[in-house]
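Below is a structure I'd like to ask you about.
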Amino acid sequence: MEKILIKQYKKPKITNSMLIGGLPGIGNVGKIAAEYMVDILKMQKMMDIYSQYFPPQVFVNEDGVAYLVRNSIYYKKLPGKYDLIVLVGDFQGTTQEGQYELSYSTIDILSKYGLKMIYTLGGYSTGKIVDNPRVLGAVTDRSLIKNLMDHGVVFPKGEPGGGIIGSAGIILGLGKEMFSIDGACLMGETSGFFADPKSAMNILKVLSSIIGIKIDLSEIEMRSQQMEQITGKAVEEMQQRPQNKEDLGYFG
Amino acid sequence: MEKILIKQYKKPKITNSMLIGGLPGIGNVGKIAAEYMVDILKMQKMMDIYSQYFPPQVFVNEDGVAYLVRNSIYYKKLPGKYDLIVLVGDFQGTTQEGQYELSYSTIDILSKYGLKMIYTLGGYSTGKIVDNPRVLGAVTDRSLIKNLMDHGVVFPKGEPGGGIIGSAGIILGLGKEMFSIDGACLMGETSGFFADPKSAMNILKVLSSIIGIKIDLSEIEMRSQQMEQITGKAVEEMQQRPQNKEDLGYFG
Amino acid sequence: MEKILIKQYKKPKITNSMLIGGLPGIGNVGKIAAEYMVDILKMQKMMDIYSQYFPPQVFVNEDGVAYLVRNSIYYKKLPGKYDLIVLVGDFQGTTQEGQYELSYSTIDILSKYGLKMIYTLGGYSTGKIVDNPRVLGAVTDRSLIKNLMDHGVVFPKGEPGGGIIGSAGIILGLGKEMFSIDGACLMGETSGFFADPKSAMNILKVLSSIIGIKIDLSEIEMRSQQMEQITGKAVEEMQQRPQNKEDLGYFG
Amino acid sequence: MEKILIKQYKKPKITNSMLIGGLPGIGNVGKIAAEYMVDILKMQKMMDIYSQYFPPQVFVNEDGVAYLVRNSIYYKKLPGKYDLIVLVGDFQGTTQEGQYELSYSTIDILSKYGLKMIYTLGGYSTGKIVDNPRVLGAVTDRSLIKNLMDHGVVFPKGEPGGGIIGSAGIILGLGKEMFSIDGACLMGETSGFFADPKSAMNILKVLSSIIGIKIDLSEIEMRSQQMEQITGKAVEEMQQRPQNKEDLGYFG
């Protein structure tokens, strides 16, 4: 079998587009944000991507229906300059080769749709609970920084120190070097302990401002508040337990 | 060498068939059940599958004869609508790529034999000894659920939570997405501590009812009882030992 | 680059041959035995095998000269029925795929030299020091057993329990299944704690008897005695130390 | 995508050249030395090498600009017999296959530029802080030893015991066996605890003497002294802390 198998359902006429990529990762920030966009903007599925670079696994939904793990690409035609394409999925490629091949294939097939700009969304692990999580940025072309800062993205010196590992980084890097498409990574600060809709919401605020698309955030705000109640309680309980080093280290 | 090497011994005229897959896994439930079918139904070997995706290993039988590890496919022509094809073997593919490639190749070659339905058999780990192990189901087409439930398969909400990993899942997933063949996974509850013929027997009861083939279960019932005596003693001994946390956690 | 690169130095006219394979492994028994044959029989190098399936490494000899790690094949024309071919080397393939590919390639290229029989040599780990290590056997054709037993090879029921993993097994398995060449594995009992020339010597005694080639064992006997002095002292020291569980378990 | 992607910026007319390779490794000695040459000699970039054998990662510079990880090759035409080519980079290949493929590709493409000699630079871990770190050597042709010794390289018997693992070894080994290009590895002694500019400086002293190129070492000497102040303090602090076994073992 081919290492990457694409089932394409729609071939929309798109000549100018931007890609938003949000796959599972730290705090699932990117995945939550990107899937929220797909839902709230009622985007249409363009293709499913199956691959040996994903685990040999089916997920089973609540009713007992199993489906092969995958990445999916959705699109929405927009009145503005760029149409919108969103990459979501169950997994990132699980190997180094898989990361490169999947990211390359995704950009390659989308390059037929006039891809002009890439935003990847991800989490930035702080290792502790932060009250007002920031959105950090990194870009593949220096000229993009000013505009992002105007919309609230921060570029603290020397962060992220170790660079960006995984699809949020490699999609940008391959996009720039192999396809000459500029890109930016938006990283929402997150403790990294829980799935973090609040950090995802922050990213969506900034992103919708940057790309000029209105995104109704009321539902993710609700989920964010529910999550905070749960995690708030968990943190409280941890703090009331007799402290040991590891707990302290973990929750800072 | 080719990554997967198939030695085909028989090319039976089969135009409508169903595949039963049972490879090693949790409690070896699927393997025990599928191998029992091959034996008790006196099925004929159709092909051996050798592969780099298996360990570089020979097994040595009691007399000192070594044979290369493999998967094997057996068949039996039946009076009913579907002829029977069973996949058994020494190993699942040991890598992610291997799981995909082996499963794909198996379905691909069997698709020439009018493959219409796939049942994969496996264990569902409970982490404790269960008196009356159930048979859980998952399907790749919602329409199959009703019939399975009528034959005693249960579909508890949210189980299996993490989906199905390995050949029991990926054969179904690839069958559905790449070959449009529906399938179901039958998972026998098992502690996961021992090879579990009782759980395999339960699956065979349900399966024979579903596919309408009589399977004489007297021999596996005997093995199941022998196994219960052994494991029953082991559990008793564990319980009589001064308890420590790990023992408790393990045997619940 | 190709995954396996062969530099062939000699193309002898050989139409009937047997292969002896001895690569690093448990107690380095197979490697020591095979390399001793190459030295003592003054065999000629036929080819070097380089591969990505070996570590990315050079060894450096005492003078500071570095050489790329490899497997090598030597040959010697003999007056009897079969000419002799010996496989030795620095490493076995380090991955599953590598084990299959290297073994397959080796047999494949040697099949041009009328390969009729394969003996692989290895260690059989006892986990304790044995005074009179036996030579265990496994064969890919039942008819070979009688002859091997006549030369002192033993076939204890159910040993080796887990089969034979690595090149000593896979060369036999692929030879049989893919090239229809029969083979036997000779396993010298060894503690597995040290490089074990004594076990290698035992194998050579048996092997020279089986294949009817006289091998002068005086030098390996000397090395074996030296090694026993060293390891004997080590064991003594271990036994005189205040005992703890692990020491007991390890040296039995 | 191709597993190794080369973007070549310049195609200088070079017919006789020597390659200096310094990639990340023990104490980053080779990388520091090679990058220093590129900077101080104002070498020109000839090509970037991207690959699936590197991590799926972008690095982000201080300003927030992300760039895909890579290896790079620089050159400088020289008045002497050989022009100079230097290999530097962010990573070595992370897999065994990657090490072989990247090294082979690098030599292969450079062989068009009359490559006649290879020097690889690396660290040699002593496991303790050494006051006057030596430069050890290993060569792929015995005839090179005398000249290197004349320039201060030492060849202590039996060192390095385990050979040379990674790009510093495999580039030499493949250069010799596959391209018949002689080579030497220069290994600077280093504790291995810190990035070690002092060891890199020592290598550069020796190397500049061997290849007859003047390299201004004043800047790396300064960095070396700064580093010694930092690490000196760290060692002092360690020694003043109540000692435990692990500290002792680590700092000797």
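The chains carry the letters A, B, C and D, assigned in the order they are written, with residues numbered from 1 in each.
Simple rule for what comes next: contacts are C-beta pairs under 8 Å (C-beta built on N, C-alpha and C of every residue); 3 or more make two chains touch, one makes a residue touch a chain.
Keep in mind that this is a model prediction, so the values were computed, not measured.
Of all chains, B has its CA centroid at the greatest distance from the CA centroid of subunit D. Subunit A and subunit B touch with mostly distinct residues; of the residue numbers seen at this interface, under half occur in both copies. The mean-CA centres of subunit B and subunit D are about 53 angstrom from one another, to the nearest whole unit. Taking the mean of the C-alpha atoms as each chain's centre, subunit C and subunit D sit 37 Å apart. Shown for subunit A are the residues in touch with two or more other chains, of which there are none.
Chain contact topology: the protein chains form a single closed ring, every chain touching exactly two others.
Under the touch rule stated earlier, the contacting chain pairs are A-B, A-D, B-C, C-D. Note for the complex: subunit B touches subunit A at residues 93, 96-97, 99-101, 103-105, 108, 137-142, 145, 155, 157-160, 163-167, 169-170, 172-174, 176-178, 185. Taken in their complex, subunit B has these residues touching subunit C: 1, 3, 5, 7, 48, 50, 52-60, 62-69, 94-95.
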